[in-house]
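One chain, chain A, appears in both complexes that follow, with chain B as partner in the first and chain C in the second.
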Partner chain A sequence: MGVDIAGMSKRFGRAEILSGIELSIARGEFVALLGPSGSGKTTLLRIIAGLEAASAGSLRIDDRDALSLPPRERKIGFVFQNYALFRHLRVFDNVAFGLQVKKRAERPPREVIARRVAELLELVQLGGLGQRFPSQLSGGQRQRVALARALAVDPELLLLDEPFGALDAGVRVALRQWLRGLHDSLGLTSIFVTHDQEEALALADRIALLNRGRIEQVGTPADLYDHPGTAFVMGFLGAVNRLDCAVSGGGVRLAGDTQPLDAQQISGPLPANGPAIALVRPHDLRLLGPAERGGSRVLLRSIAVVGARLRLILEKSGHTIEAEADRDRVDASWLHPGSQLRIEFSRVRIFATDGSAGEAIAPSESDQARPLSRHPARAALR
Partner chain B sequence: MAPEHHPGTGAGRIVLILLAGLFLVAFLLVPLAVVFSEAFAKGGAAYLDALGQPDARAAIGLTLLVAAIAVPLNTVFGLVAAWCIAKFEFPGKSLLTTVIDLPFSVSPVISGMVYVLMFGLQGYFGPFLAAHGIKIVFALPGLILATVFVTFPFVARQLIPLMQQQGTGEEEAAIVLGASGWQVFRRVTLPNIRWGLLYGVLLCNARAMGEFGAVSVVSGHIRGLTDTMPLYIEALYNGYDAVGAFTVASLLAMLALVTLVLKAFLEMNYRDDLTLAAAQVSRH
Partner chain C sequence: MSIAATEERGSWGGRQHTAIPGFPLTLGITLCYLTAIILLPLAALFLKSTGLGFGGFARTLLDPRTIAAFRVSFGIALAAALINAVFGLLVAWVLERYRFPGRRLIDGLVDLPFALPTAVAGISLATLYSDNGWIGGLLAPFGIDIAYTPNGILVALVFIGLPFVVRTVQPIIADLEHEAEEAARTLGATRLQIFARIVLPALLPAVLTGMALAFARGVGEYGSVIFIAGNMPGLSEIVPLLIVIKLEQFDYAGASAIGVAMLLLSFLILLAINFTQVWMRRRYGA
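Up next is the complex of A and B:
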């Protein structure tokens, strides 16, 4: 069950919610639509399900034009963000709903429905809870009822809107591993929406990262993490330090440095000459010992022990860099607030300064799930 | 922790409760008791005799007929209007919401006058209707129209906040699971609003049977033909037949009591389905 989306856009009045969406999903893939709130990811999922109409573009599911099909003929299962369980029906009847509303000629006999529902409840580990009402279940149990209900109609494509969003952190991690296993064992094709980059990186075969109604980049989690195409992608997929710099004649000099970076310290293409921003991953920073030469000068502002790790707040020409290092790798005895240190950058990525890049890195309201990036900059030292 | 500083205790509280109780007795319970005592002033035989009058039977039958037509109509209208307003976005939605309240804000007499102006002999459609032998004003159709107009808001007002609070999530889930429009309504929407709907129908019915003003204007007061119970009661009272008037009035009073009991029962047992708390279940 492949999905092909081409040239899709969606407008509400004058607001453009989606524009120029191109995305192909192969049979059996587990794809994440990742992005901050308001990026259009849920709208895209709802268009695939047939709950919203696209303003332009095409959607093919299994090589059939799906935009002209009503939701029920698209062979999809949809798990809603708040589950949308039928509150007046028992768990059993919630799961059986999709079978019970089939046309008489296609509807399985009562005993077959009962057997199928029992199997599904076993599958989602809710055997024995069929007579409960949704209000008598915990959040994780409701989520699994919603999943069983969606699976009852044998969908080929499973769509999940923030499937773990309403759950406690502990339940969330357990449930998502279980869901991934279910996807693999049932041979489903799945698309899930999330604003949590860690969830997308941990679960998905591929990630489509959305920003302001456009797809910024599509790729495997490793692709996106190691080869981010834009500053937004790099900033959204984990902690980064963000520094001003200047590009001239193929070289890059960080603000406050006298020497340009060596070519091997830089990854990826360079933008045109002029002011730019340098992004560097925490694990691509190294604290130089007193005997080593080179590097950039920084001031150690504060130092804290966080379990097995050491957290350093550094200052480099006006930029605050928060850094972490393994305590057993760094001799903390010579580190005191106020002391001058030198750090060496590697795999620095340089992006042109445009308005969107700066904004994209600033924490947004959807950041609850990724506390690491609350800080404007942060680095881990090795 | 001093009790006299607590707003809910002390002498002030007792005085307030006494005042409210006194008010209730003086303005509600005593009049209700008077209705029944006047009705039985000349004994049970007179009571039954008053009810046995052909005109009384005609008035009771007419009231039941009007309610039997107006209440189902307004149930359907109310459902459709509430469905539109609660589940869809469209231009003019707030205007529609306001218009639904119009019968509450307009004096019932004016509601009746409107129909006379439109369908009466001197009205806009009067000559046309007369030429085709159709009687609306001073006949059953006029009574039904006026009653429908006056009782229009009850079901819709009850359902709109309830349906808005419940949102469209469950309906969408049903659609994706393959339910047809009718199945969505019958299996998802209707069960979720059933107690609110019953509550609205109850209030609508009480008003439909008790309506006086609008019906009075369009009725023409033809005894035995177009007098509903409230109009018949007034006619008897004006004719100094107190026992007859209060006998029929006691029937309306009993309707009110039954409505009240059912309403209290619904409120006690299905509070979650009647009030805005309903949606909390789905949100957890």
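Up next is the complex of A and C:
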């Protein structure tokens, strides 16, 4: 079933949690609502579920106006971040709950419910655990009970709030691949909330990236990564270096450089003339050999071997820059901290300085948003 | 200390490091304290009642006036505890789940029955509920008498029992996972179904505890009841009053016999409630 959200906003008192949300989701899609904490992504999911009311705008599910419908008539299944299992009920009764509370006329007979629950428990690989209490299960098992419970009412739209947030890293990766497979085989439409860009990139058909209650960009993972529309999008999806620059007459000159960048070093459109910011990913920097000409002068601060990659921390006119390279392709023997090097940028993206973008890139403390947290360029971004 | 000794003790004492040292010492103090404070007086009571001999004991207890007093005390205390279970739950729910001006004030009011001298409570209630009192005056035209009837006892016991239920249930409501209720909503449950199937089972053990406390307090309550009950033998006379009357007649053995019977009955009822709770906790895997 399709979901259409138009002109939606949500306020709590004076605080604007969501504004101007436009999002269309096609039947069968697996969509991620991605963003830092406080971006409004969970609120949006809860509005779709009917657990919260929108202040303005429209929500159509399957071409029906859904805002006036109570949750139970929206044909949704909701999986909560902390599972929200019924602690006093056995796994079986947790899963059966949605069927048992149906009106007498619609309620399936007891044997049918039992069979359906058994099927669902098989489906989530928990066959035989029906008589356990939730407290007797592991985190991953609880997550799957929550999923089975949500699926019991035959939802057409599955809503998941940080579905893997509380799990160990190993379980998380296995479970998310499995969930993706389940989505495909059941023909569901799914929306999941996450703050983990890697999870969104790996799993979703499309990503809606939210920031401060607005959708920054919607697109496929490749779209967002290769063609970020704003500095925030580029900064949120993976590590970036941020440099001051100036745009004039169709050319871009980085702060501290004498020569402008070549046109082929730049990706995407240029903003209007004036000061701007240049973003470039660590792997889009190339060390120039002694025989090569051009490039920008940098100072090598430190060098670290990270598995098959080499990570260089550089300094360029006051900015700290991180560079990454394959160890196979760089001769590290002549690299020593303190030496002067020259580097060449490629796929540099130029964005207008809008003031807010820089602040938005810096990850907030509570956020675990990992893109930049281990990143030395962070200091420069602040 | 050898590891073996620690291990061996583990089955009785705490295996882990605890803040207060020495399982034997603390258990010893606990037992001595309980003996001095609770067991000794009770033993004295038992001892005193044996002065009657079995025949006298039975005669005292089977006296119609005694039986009627027991019926009044336990019956009305139970009724009051049930009423408090319902309304105490409601009060606790409102205080925990909603934010409104004056919430703290109401929260404080709940404790008043704890603090107020019971005689003061009894006299105020008797005045309020008498035929020309504020509330009694409203009810009198409908032929409902409260003060100086068993109804008065009920009112007094509801009054003093309320905080027990509210204060036991409140923290459990605060701990309830709000998301479980939301999950039930998304699964199609109605408000009534959410309350009956999700909220109530989680609160029931606490409600039962509060009820047991209110009941125990109600059975033993003396001060507030005697002012409002009317104290008609066989109709509105409670067991504690009967004991006092026996004492005034210098029938110490008879008084202690009734005391012993009351003690045993209360103990059995509280034990039953405790077992119910254990069963519930197992059942719901809390």
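For the reader, a short list of remarks on this structure follows.
Criterion: the second predicted complex is superposed on the first by the 369 of 382 C-alpha atoms of A that agree within 3 Å, B and C clash if a C-alpha of one lies under 4 Å from a C-alpha of the other, contacts with A are read in each partner's own complex, and residues count from 1 in each chain.
Basically, a contact is a pair of C-beta atoms (placed from the backbone, for glycine too) under 8 Å apart; a residue touches a chain by one contact, two chains touch by 3 or more.
Here the structure is a predicted model, which means the values were calculated and not measured.
Partners chain B and chain C, brought together by superposition on chain A, clash. In the superposed model, A:Arg87 makes contact with both chain B and chain C. Look at A:Ala246: by the touch rule set out above, it reaches neither chain B nor chain C.
When the shared chain is aligned, no partner comes close enough to touch A:Leu335: not chain B, not chain C.
Contacts of A:Leu51 after superposition: both chain B and chain C are touched. Contact with chain B, but none with chain C, is seen for A:Gly139 once the two complexes are overlaid on the shared chain.
Once both structures are placed on chain A, chain A residues 49-51, 71-72, 76-78, 80, 82, 84-89, 97-98, 101-102, 134-135, 149-150, 152-153 are touched by chain B and, in the other complex, by chain C. Across the interface of their complex, chain C is touched by residues 49-51, 70-72, 76-78, 80, 82, 84-90, 97-98, 101-102, 133-136, 146, 149-150, 152-153 of chain A. Touching chain B in their complex are the following residues of chain A: 49-51, 71-72, 76-78, 80, 82-89, 97-98, 101-102, 134-135, 139, 142, 149-150, 152-153. Listed in rising order, the residues of chain C touching chain A in the complex are 177, 179-180, 182-190, 193, 197-198, 201-202, 283-286. Taken in their complex, chain B has these residues touching chain A: 169-170, 172-180, 183, 187-188, 191-192, 281-284.
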